[in-house]
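Next up, some structures in C-alpha cells.
Consider the two complexes below, in which chain A is the common component and chain B and chain C are the respective partners.
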Partner chain A sequence: MLAIRFHGRGGQGAKTASRIVGTAAFLEGFVAQDSPIYGAERRGAPVAAFTRIAKEQIRERGVIVHPDVVIVADASLISDPTARVFQGVDDRTVVFVNSSLSPQQVATQTSCSGRVTTLDLTEIALQRVGKRGALSALLGAVAGRLVGLHQESIRKAIAEELADLGLSPSVIERNQTVAAQCYETVQPVTIETGVPQPIVPVQLQAPIYEPPTRGTARISAAANSVLRETGGWRTFRPVLVPDKCNGCWLCFTYCPDGVISMSKDDRPVIDYDHCKGCQICVHECPTDALVAEREKEGEVAWRAK
Partner chain B sequence: MAGEMMTGNLAAAWGARLADVDYVPAFPITPQTEIVEALAKWCESGVMAARFVTLDSEHSMMTAAGAAAATGARVFTATSSQGLLYAMEVLYSISGWRTPLVLVNVSRALAAPITLESDHNDVLAARDSGFLQIHAETCQEVLDSILMAYRIAEDERVMLPVIVNLDGFYLSFTREPVILPDPEQVKQFLPPFQPAHLGFKASSPHALGVAVLGGVTYSYFRHQMHLASFNALAVHQEAAADFARIFGRRYDFLEGYRLDGAEDVLVMTNAFASKGKAAVDAARAEGRRVGLLRLRVIRPWPADAICQALRGRRAVAVLDQNLSPGQGGILFQEIAASLYHEPVRPRALCSFIGGLGGKNISEGEFRAIFEQTAEAGVRGKGMGPVLLYTKTEHREMTELQMLAAGPIAGS
Partner chain C sequence: MAWQRETFKKIKQIPREEHVLPGTTLCAGCGGLEALRLAAKVLGDDVLYVNAAGCFTMLAAYPFTPFKGSWLYTTMGSAPAGAQGVRDALDVLIAKGRLSKEEDLKVVVLGGDGSTYDMALSSTSGAVARKLDFYYFCYDNEAYGNTGMQLSPATPYGARTVTSPCSLQHPAGATQEKKDIFELWRAHKPPYIATVAPRYPLDLEEKFARAAKFTGPKLFLALSACPTGWLYDPGETPEVAKLAVETGLWPLKEAINGDVTHTYIPKRKPVEEYLKLQGRFRHLFEPTVQTDVIAHIQSRVTTYWERVKQTEQGA
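Up next is the complex of A and B:
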C-alpha cells in the first residue's frame, strides 16, 4: 500500500488534491481510499488529507502516521507545530514542498529527514491559472506523478473532482492544462512501500479523577487569542495603497477576525500578527485600495505563528 | 401516622423548597406540571427565595438550568417524557459542564402512540447522559432523594447533575403521608453550594465546554465524568449515613425486601416495587421462598452491591417497565452483564416486560413471574423477554382493533 499525506491551509485545495489522486488511482484499477481531517472550517487553518492506494483491500482508516509521500501545499505549515507536517517522515519518505526555494534549501532550513522536492506551485497558479489559492489540480498532478500514476487518469480525475465543486468547463480545462505542465516538470521517484514497522504494545495509563477545577473542559485564561498569532497562516497579505483609500471603513466592517483598526484619518491599520490572509477586505474594498501581495518565505511577517 | 398527605409532585416541590434552590426554570408537561405550579406559587408568595422563570420549551428550560448552575446557582427543574427527550442534547452539555443541578423526571411512556401514564423508557433514555439517576418508590422517598441528590451532586468528588425519577400518576398524583424535614436540619445536612470551578465574574471570565478536536482531550473529560459518577457511590453512602442520623430514614443504592433465605429474587424499580413487595408477601405466606430487590440508584450502577444481593440465588427475574425494541428489557441487560463475572451466579436469569404505558401489573401476573422463574431455576436455563399481557387484555385489545377498523368497506 502507498500512503500519501497532504498538508495545506483551508481553501488551498489539499482535500480536493487527495481526491484527485484517489480518483486517478481508482480509474487505473487500484483500490483507493481518500479522506480529509479538519476542525471548525476556517480559511487558512491547517488541514490534512490522506490518500491510500493499494492492489488489495485497504484495512487502514483515518490519519496516515507513516506516510510514503508528504505533499505540503504551503511551506509556512512546516514551522507550525500543530500541523505536524513531518510526523512519521524518515529518509525513505518523499516530501514535496510548494516553495520557490530549492530542495536543498528547504531540506536545510527545515531539517527535514525526507527526500525533498520543490516546485513553486503558487507562482504557477498565479501566472497561468490566474487564481491565487486554488492549487488542488496542481497538487494532485504533482502527487500523482511522484507515485507513478498516468497523466490521462490524473486529467480525468481533475475533471471529475473540479466539476463536483461546480467549476465551469473552461476553468477545469485551464486547470488540466497547467496541471499537465506540473506533471511533466516533476520526476517520478522510486518509493519503497510496505516496510514493516515494529509494533510494540503501548503502555496504557488511564487518568485518575481530578477535582472539577482541573477535570472540567473549562478555560480560565481570558483573552488568550492574542497569544495565538495566526499571521503565519497567510499565503497572501492585504496591503494598503493609501492614495486609493476613500476612508469608507468597509474593510474594518467586513474583517471576520477584527484585525483591522482605523486610524484617526480613517485609514485601515492591519494587525499582521493575527491577519489570516482571507482577503475578504481586498475583495470588499470598493476602490481597490487593498491589494494582495504574496508572502515571501523567510521574511519576518511570514514567520509569525 | 406522622406527616401530612401529599402527592409525589408536591413532595418533589417540597424537596426543591427545602433545598433552598436559587433558580427554577420551568415548562409544563403532564404529569409533572403540578411540581412547577407549586414552586411558582411559593416563589410568588415569597416563602421561597428562588427566581422562577417560565421558558418556551424544555430545551430552553434545560439550557437555562445549566447556564444558571454554571454561574454557581443551585438549580432545580422538572420535566417528563417527551419533554425530557426534547431537552436531551442539553443534558449531555450540563453533565459535561459538571454543573450539579437536580432534575426531577416524572416518568411517562413515550409516544407514539401517545399516552400519559408511566413507564421508564423516558428516564432510561437519559441513562448515558452523565446524570446520576435515583428512582423513588414512595412520595417520602421523592422528597428525601432530592435532598440527597443535591448533597451528592455538589460534592467536589462528583459535581454531576442528578435525575430523581418518580412514576407519573402512581406517585405524581398519588397522595400518601409524607414527613416534611425540618428546614434547620436540612441546612445541617446540605451545606451551601460553593463550587470552585463554577461562577462567572466580569473580572474573571471563563469558558465552559470548549471545542476540543482530535479525541485526546475529549476522552480525558468524558472519562473524568465516568470516574466522577463512580465516586458518587462512596459519596452516596456518606450522605445516606448522615441522612439517617439526622432524619432517621436510611436509603441505600438498593433495597432488599425479604431476601433472607430467598431462592428466587425479583428485581424491580420505582413505584410498582410496592406491588412487588405485596406479591412477595403473598407468595411467602404460601411457603414460596421469594424476595425482591429494588434498584434505587441506577447511575452510577452499583454492580458490587447488585452481585452481592443476587449471587447464589436459584433464579433471578428482572421486571423491566421499559422496552428496547429489538433487544428487550434495558435493566435486564445491565443485571446480566454485572452477573457475568460472578462465580456463583444464579442458575437462571429471566426477563419480564411489564407495566408499559402504565399498564397495571396484577397479583396474578406477579404470581406467573414467580412460577415461571422458579421453573427456570429448576431447569437451569433463563428465559425472556416475556411480555406480561393477559388473555383478558388480549381480548380487550382485539375488540378495540375491531372498533378502530370501522365498518368493512362494501359491507
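Up next is the complex of A and C:
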C-alpha cells in the first residue's frame, strides 16, 4: 500500500488533488481511498487530505501518520506548527514541496529528513493557467508521477474531478495541458515499495500546548486575535510605491481585515504579519500606487514568530 | 427630495481606530468582514456581539477574539433571543444600580443569510415585535457559506450552489427567487432598517450613525460578496459589490418606521456585467448563453426600479 498525504491551504486544491490521484489509481485498476480532514476548511487555513493506493483491499482508515509520499502545496506551511507537515516523515519518505528553491535548499532550510523534490507549481500556474491558487490538477499530476501512475489516467482523472467542480471544458483542458507539463518536469524520487513497513507501536505524546498567555482562554480575553498571524496566507504582497500615492484612503477603507492604517501624512502602512494578500487594495488603488509582488521563500520573508 | 448624508460627507471622516482587529481566520477578501469592520467604526467598542452560528463564528474562534468587547455565541436560530436575554440583564443591572448607565452596551446580533432568512426568522420576528432595543447585522452572501455554499432562501435565481447545481432538469441552477427579507422585516415596522454595501462606505457609515438615534430594533442587511462561494478573485470583492449596486440588483435603501427611501439611485448597468464576473453564474454564459435566464434576472430588476419610480416620486 502507498500512503500519500497532501498539505495545502484552503482553496489551493489539496483536497481535489487527493481525489485526482485516487481516481487515477482506480482507473488503473488499483484499490483507492481518498479523504480530506474535515474542519474549518476555509481559504488560507491549513488543510490536509489523504490518498491510499493498494493492489488489495485497504483496511486502514483515517489520517495518514506514516506517509510514503508527502505533497506540500504551500511552503509556508512547513513553519506552521499546526499544519504538522513533517509528521511521521523519515528518511524513506518522498517529500514534494511547491517551491522555487532546489531540493537541497529546501531540505537544508527545513531540516527535512525525507527525500525532497521540488517544483515551482505556483509560478507555473500563474504563467500558464493565469490564476493564483488553482493548483489541484498540477499537484495531482506531480503526486501521480511520484507514485508511478500513468499520464493518461491522470489526464482522465483531472477531467472527471474538475468537471465535478463545475469548471468549463476549456478550463479543464488548460489544466490537463499544464498538469502534463508538470508530470514530465518533476524530478521523480525512488519510492521503496515492497519493503514491509515495520509496525511501530504508537507512543502517546502530550500535545504541545501554547504558553498560557496565548493558549489559555479567559472570559476576559480581549482583542487577542492579533496573536494569530495570517501573513503566511499570501501568494502576493501589496507593496507601496510612495511617489504615486495620492493619500486618498481607499486602501484603508476597503481592507476587510483592517491591516492598512494611514500615517500622519496620509500614506498607507501595511501590517504584513496579518495581511492575507487578497489584493483588494491593489485592485482599488486609483493611482496604481500599490503593486502586487510575488511572495517567494528566501527572498521576501514572512515568518511565523 | 433626494436622500442626503448628514454626518459622513468625506472619506477621511471614516474613523481611523479599528474595532475588529486582524488575525481572524475569515477568508481573504471577505465582503462580510469588510462591512462589519466599517460598521464597527461607528458602533465602537462598547458592544456585545451575539453571534448566530455561521462564517462569523470564525471571528472569535476559541481562544482568540478580534473584539475589545464581549461575544456571545448562539445557535443559528436563536441569536435575537440571546440578544433579548442580554438586553434584559443589562437593563436589570442598570435599574438595580449595579451597573452605571455609562457602562451600558449596544447589543448587536451577527447573522448570516442562512440564519437571517431561514432559521432565525421567527426569533427575529419575535424580538422586533417585542421592540427589543438591538442591532441586527446580517452578512448576506446568498448561501450557507460556512458549510460549503449550499442553497439558502437568499440565493438568487440563476446562481449555482452545491445543492442547486446547473443540471439538465434545472439548467439555470437555483430556480427560486431571493426571499425579500427587507420587506418581511418592514412589515414589522421597526424604527430602522437599511441595506448597505461596503463598496459604498459613506452610505454605510451614515446609516449606522442614523440608526443610533432610534431606540428599538435596528436591522441591517449587508451585501457580503464572497470570493470563496461566488467564485471570483478575492481582489475583486469591491468590484463585485459595486456592480451589484450599479446594476440595481442590490438596492441601497433605508426604512424609517416603515417608510422606504432609496439612498442611491443607480444608472442601472446591464445585469450581465455583474453576473459575468462570478463563477457561480458562469453556466449562464458557457457553453451556451442562457438568454432567457439572464433576461428574467434583468426583468426582475427593471420591474423593481419601475415600481420605485412610481412610489418614490422625485427620489
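The working rule: the second predicted complex is superposed on the first by the 219 of 305 C-alpha atoms of A that agree within 3 Å, B and C clash if a C-alpha of one lies under 4 Å from a C-alpha of the other, contacts with A are read in each partner's own complex, and residues count from 1 in each chain.
Keep in mind that, in the parts below, a residue touches a chain if its C-beta (ideal position, glycine included) is under 8 Å from a C-beta of that chain, and two chains touch if they have at least 3 such contacts.
If you're wondering where the values come from, they're calculated on a predicted model, not measured in any experiment.
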Touching A:259 in the superposition: chain B (first), chain C (second), both, neither? second
Check whether A:208 is in contact with chain B, with chain C, with both or with neither, and answer first, second, both or neither. first
Output check: A:187 vs chain B and chain C. Expected answer is one of first, second, both, neither. What do you get? neither
Identify the partner contact of A:274: answer first if only chain B is touched, second if only chain C is, both if each is, neither if none is. second
For A:111, is the partner it touches chain B (first), chain C (second), both, or none of the two (neither)? neither
Comparison of chain B and chain C by chain A residues contacted: C
Which of chain B and chain C A:44 touches, first, second, both or neither: second
Between chain B and chain C, whom does A:222 touch in the aligned arrangement: first, second, both, or neither? both
In the superposed arrangement, what residues of chain A touch both chain B and chain C? 40, 215-218, 222
Mind listing the chain A positions that touch chain B in their complex? 39-40, 206-213, 215-220, 222
Listed in rising order, the residues of chain B that touch chain A in the complex are 96-98, 156-157, 159, 195-198, 204-213, 217, 220-221, 223-224, 227-228, 231
Sites on chain C touched by chain A in the complex: 11-12, 14, 16, 18, 20-31, 33-34, 37-38, 55, 58-69, 160, 165-166, 198-199, 201, 227-228, 233-239, 279, 282-283, 286-287
In their shared complex, chain C is touched by residues of chain A numbered 10-11, 40, 42-45, 131-132, 166, 168-170, 214-218, 221-230, 233, 248-250, 252-259, 261-262, 271, 274, 276-280, 282-284
